[in-house]
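One structure is given here, and the rest of the page talks about it.
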Amino acid sequence: MNEVRPKTRAYQGYHRREIPREDERLTHTGPDTPMGELMRRYWQPVCLSAQLADLPLALHIMGEELVAFRDGGGRVGVLHRHCTHRGASLEFGRIAERGIRCCYHGWHFDVDGTVIDTPGEPPGSSIKHNACQGAYPAREAHGLVFAYMGPPDAVPDFPDYDTFHLPGVELVPYSIRHDCNWLQVHENLMDPLHAVFLHSRMGAIQLTEAWGEMPVTEWLEIGDRVCYVASRRIGGNVWVRFNEVATPNFGQVGGFWEDGLAETFFQRVGATRWTVPNDDRTSTIFGLRHFSDALEAKGIGNKALVGVESLDIYGQTGHRPYAEMQRNTGDWEAEVSQRPIAIHALEHRGTTDRGVVLLRNHLLRALAAPPAPPSAVGGIVPTYTSNTVVGIPAAPGADDRALLRAVGRKVADIVAGGNGLDPRERPAIIATRLAALRGMQLEAGEAP
Amino acid sequence: MNEVRPKTRAYQGYHRREIPREDERLTHTGPDTPMGELMRRYWQPVCLSAQLADLPLALHIMGEELVAFRDGGGRVGVLHRHCTHRGASLEFGRIAERGIRCCYHGWHFDVDGTVIDTPGEPPGSSIKHNACQGAYPAREAHGLVFAYMGPPDAVPDFPDYDTFHLPGVELVPYSIRHDCNWLQVHENLMDPLHAVFLHSRMGAIQLTEAWGEMPVTEWLEIGDRVCYVASRRIGGNVWVRFNEVATPNFGQVGGFWEDGLAETFFQRVGATRWTVPNDDRTSTIFGLRHFSDALEAKGIGNKALVGVESLDIYGQTGHRPYAEMQRNTGDWEAEVSQRPIAIHALEHRGTTDRGVVLLRNHLLRALAAPPAPPSAVGGIVPTYTSNTVVGIPAAPGADDRALLRAVGRKVADIVAGGNGLDPRERPAIIATRLAALRGMQLEAGEAP
Amino acid sequence: MNEVRPKTRAYQGYHRREIPREDERLTHTGPDTPMGELMRRYWQPVCLSAQLADLPLALHIMGEELVAFRDGGGRVGVLHRHCTHRGASLEFGRIAERGIRCCYHGWHFDVDGTVIDTPGEPPGSSIKHNACQGAYPAREAHGLVFAYMGPPDAVPDFPDYDTFHLPGVELVPYSIRHDCNWLQVHENLMDPLHAVFLHSRMGAIQLTEAWGEMPVTEWLEIGDRVCYVASRRIGGNVWVRFNEVATPNFGQVGGFWEDGLAETFFQRVGATRWTVPNDDRTSTIFGLRHFSDALEAKGIGNKALVGVESLDIYGQTGHRPYAEMQRNTGDWEAEVSQRPIAIHALEHRGTTDRGVVLLRNHLLRALAAPPAPPSAVGGIVPTYTSNTVVGIPAAPGADDRALLRAVGRKVADIVAGGNGLDPRERPAIIATRLAALRGMQLEAGEAP
């Protein structure tokens, strides 16, 4: 423990109490804000499919009041909440065979916002042709409802990620509200070091013991993606964890229960998620928990706990007693307690925060020029998130940190180098290439 | 169902998300606002008489903090809430035989705000002559407490409406808080079309089946009044419903349980009400429910349910589970859900909204020049609100909507034409004139 | 009862409804406000020692978000709440043998805010020398935790008041949150007249009957202190109560249960307290209740009721039903109900309010030039707060109010005249001098 304590660092509260403003460019997402307009260029999840049953659902997304529903024909509508006629909320509307009717005067809207009927108006009335209900294109995928809230002439493709199509993987949707700005929730994904402390060393083991090992970490940008590659020594194995986020608020997290004890190659995702602003001080993670026999071999995960405001991983929601949050703090508290909107100007970022810095810079560049959408092969967008555990013992007397770094780089090259492959063959090819790293040693002159 | 859906009306949420400001002229009622000053020119109800028992009552009216109480002598005081001495709230004061004492230092105020005693001050102190507690004239009528909050040299007459004096009618006071601006609550009274949908066709029948018939409606201004006349075909009868509001926030509603099956002539009011702003985002209906054997012949009404935050009519309060509000939506949700303050600039008003438009224009003119107070006959102000059901079968092959319109106009002429009659004789005279409409037919050339 | 009611004082609510702004100079205490900076020149209590057990405690003091804790070595830390690394709240930190660790990345801070360790950073990192956690000097006394939140180069002595060292006196700490500005809570201490009304004549006797007697009161400034001397006639005795406040927010209150029936001389303090702003609309009294056989001879006080949000004196907290607050109003309601921040410009202050005026002026002068700290004798600061009851019958036919005033002045001279005495001897010397007042009479020509 280094206890250098220069006199000038002690009791400086009085001189450090000023609180600058938040970085509005990255954190504000209302209409006509730079980040809000960037986010609106992408399909965003807004609720779970299961929430759209017999009653409309009031939503608050990026500062806009909306209502979602599934009509009698199974179509999903995402409309402005207040009726274009006189403003009554469509959360009190009647779902119709086609679209929805306002409770107040029965105005009838299709899921695209066109006015089907204004029953109180005279037969020849043209008002229905001159009015429409604000609406956004909506679609469902994997149990989530997505809306596109951007300019209607620029609807993007819906990205069909490879991890949605892996054989034997079941996707279970969930959502978790956070009482803080979206960015501090999202950027946790590019911060692998917090797992060593928050999830491991600061109290109870929240995942597995392996997470408590200090990794050698590198961060990289690949197209619209920011990634980290964290390599850990676990006995005679090296565990390389590869996580990614995509512009602007998408992310994937590797399997949660990895312990590094058994070899595995390109073991895919534990959760896919989008961190969606409700307003600038509230956000919701919409996610897909991935379940498969391989991912859940240890029998820890629990599908029954995955849903609205619930996840089978410790500390992900705000629904625990305050004293338990204090004793065994989870991601939710660590993120939310950074103030309603974290103040970047007050941070003292170190080497552990390189991913956070990289992500913010990536987003700032995207505000000026959004990155090209990822290229798909056969319609499928390749992703990288994965755990790999490979038998590579430490060399006696050698610098094992340098070896870990070298292994991580090799894994990164292999995983990111298979983008052009047929998505049906890519996992096996990458796994084979990764297996070839077994017993790898640091070559002379190969300095990290 | 007309399904014209021009391409340009679909998915236009992005281009319609801007939210203009509310119309402050009509909706803001704090001190020194145009509408606030207009409202202060009239006696306004502030609580129920029954709420003034042994303890003072804290009130919030048009943005002002007040306290009301009834002293030992039975006089009602409506005072500024904070003691003029040091600001302690008089809601913690001690009601005296005359007036009220502040809890803190015992300053003693009469119901008119004059200082009766400052017991901690020396005997010769003149402070009591230099101070006073802000007070407003108050009076009780029919179980409601009214205050006059305008300039003290312009106290208006207390309007004594004819419907307060009908033989066999019992008036039962009530109050219902609404979490929204006053105007969107009030203007519902000039919107008879919502009854067809909200109260009838959109779900459960909330009143009687007859309300679900589409009326032929006309709106008219008579002096300080805005009125609607809604005529419905019910078998061989025509039911003409005549409702009124008076400047600025008074209104009367006809009997609730009319089914149009039996003839009735000039059947009077179901409820008299004032919609009083608490502040710009909260308002309270203070009302009088009218009970009589004739009005309640069907045995549906229930006096025991009428009081503070309670009424014997479905959907009038916010005290139901949210899911029930969604399934069977009432006036309260339809009004409150138009945003805390409805945004007129976003509305698409049609022919059904003529009454709302007329009412707003009437109020805007009243801001510039308040209408003359209604002329009274023998101190009694005539009002129009009534149900009339008269046997007028549809003529085979003729335009029944035109007949309904003609009947409505005749009824309006008769009802509004009896203002100069002795109030004790007026109801019977009007009823007789209305009965003469039996069997009326549309004359040739009488186009609506 | 004087019922002069000039016409112009009746029903003047309309002309008196304007609400000016609060006096920001005295009431605002955030960083960089005049009063906030004055308060920060003094040690301020922030919590009870007993609240610092195994978990950190989130605090809000003068608008600053803080966290307090006691480390494994028993040292108390008062730090800025948000970690200087990435902003996670230290209320979720792990208390260490020395200092505290942030939950998120394990940054380790000493109680003075210096960075002991940044475990995720590489061994050679210099970040720990360039960062520090905002911290304030803290100390504990008598069960309260005090922090110094002012400029670090101007830490004042911790005032060691004589009343902390009286033999046989036990000090029991407590705290009570008030939903209003600090000043209206504090200035109640210089307002002895409210006791006659609020605590006695307005309802139940909250202390003893003697408090209901109208005192002859004088107010005086002594150095950093503002005091009142209130003299009451109780049969053949005169009860002289001497209370004090010190700049800026310290105060002492004499014993609570005095009834004036038995002689007592320089009987000391019932409670010592500081009124600390949480923000401008919330404040907390941190206090020490004094218990001794002499003070509690009547067996009314109850140590078991003294603690966080609890005191053994009626009406001091907000934790009673509203109707009980209305029927038997206590200090808490009288203070809090003066609006979130009392508006001095609306007050009508009389002779009873001289102490409040004196206190405010004293504070305004202190904003310009803080008073010199009190001189201590042997490190002990003398204070004055005390009850004295001395046998001085009223002279038949004479002006007893003049006699009470003369007695009060003599008592004040004696109590305030012993500052230079050895604190161990001072109480007995003052008591002896006071006892010599027995049978005192008003001399000819001694006009008050």
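Things worth noting here:
Chains: A, B and C, in written order; residue numbering restarts at 1 for each.
As a convention for this text, a residue touches a chain if its C-beta (ideal position, glycine included) is under 8 Å from a C-beta of that chain, and two chains touch if they have at least 3 such contacts.
No experiment lies behind these values; they were computed from the predicted model shown.
If touching chains are joined by edges, the resulting network of the protein chains shown connects every chain directly with every other. Interface of chain A with chain C: the two copies contact each other largely through different residue positions, with under half of all numbers used appearing on both sides. Rotation angle, chain A onto chain B, C-alpha superposition: 120 degrees, expressed as a multiple of 5. Chain A and chain C, compared by their mean Cα positions, are separated by 51 Å.
Residues of chain C found to touch two or more other chains are absent.
Contact residues on chain C toward chain B in their complex (touch as defined above): 1-6, 9-18, 184, 193-194, 196-198, 201-203, 214, 323, 325-327, 329, 333-335, 337-339, 342-343, 346-353, 356.
Across the complex, chain C is touched by residues 31, 40, 55-56, 64, 78-80, 82, 84-89, 91-92, 94, 101, 103-106, 108, 110, 112-122, 125, 127-132, 134-137, 149-152 of chain B.
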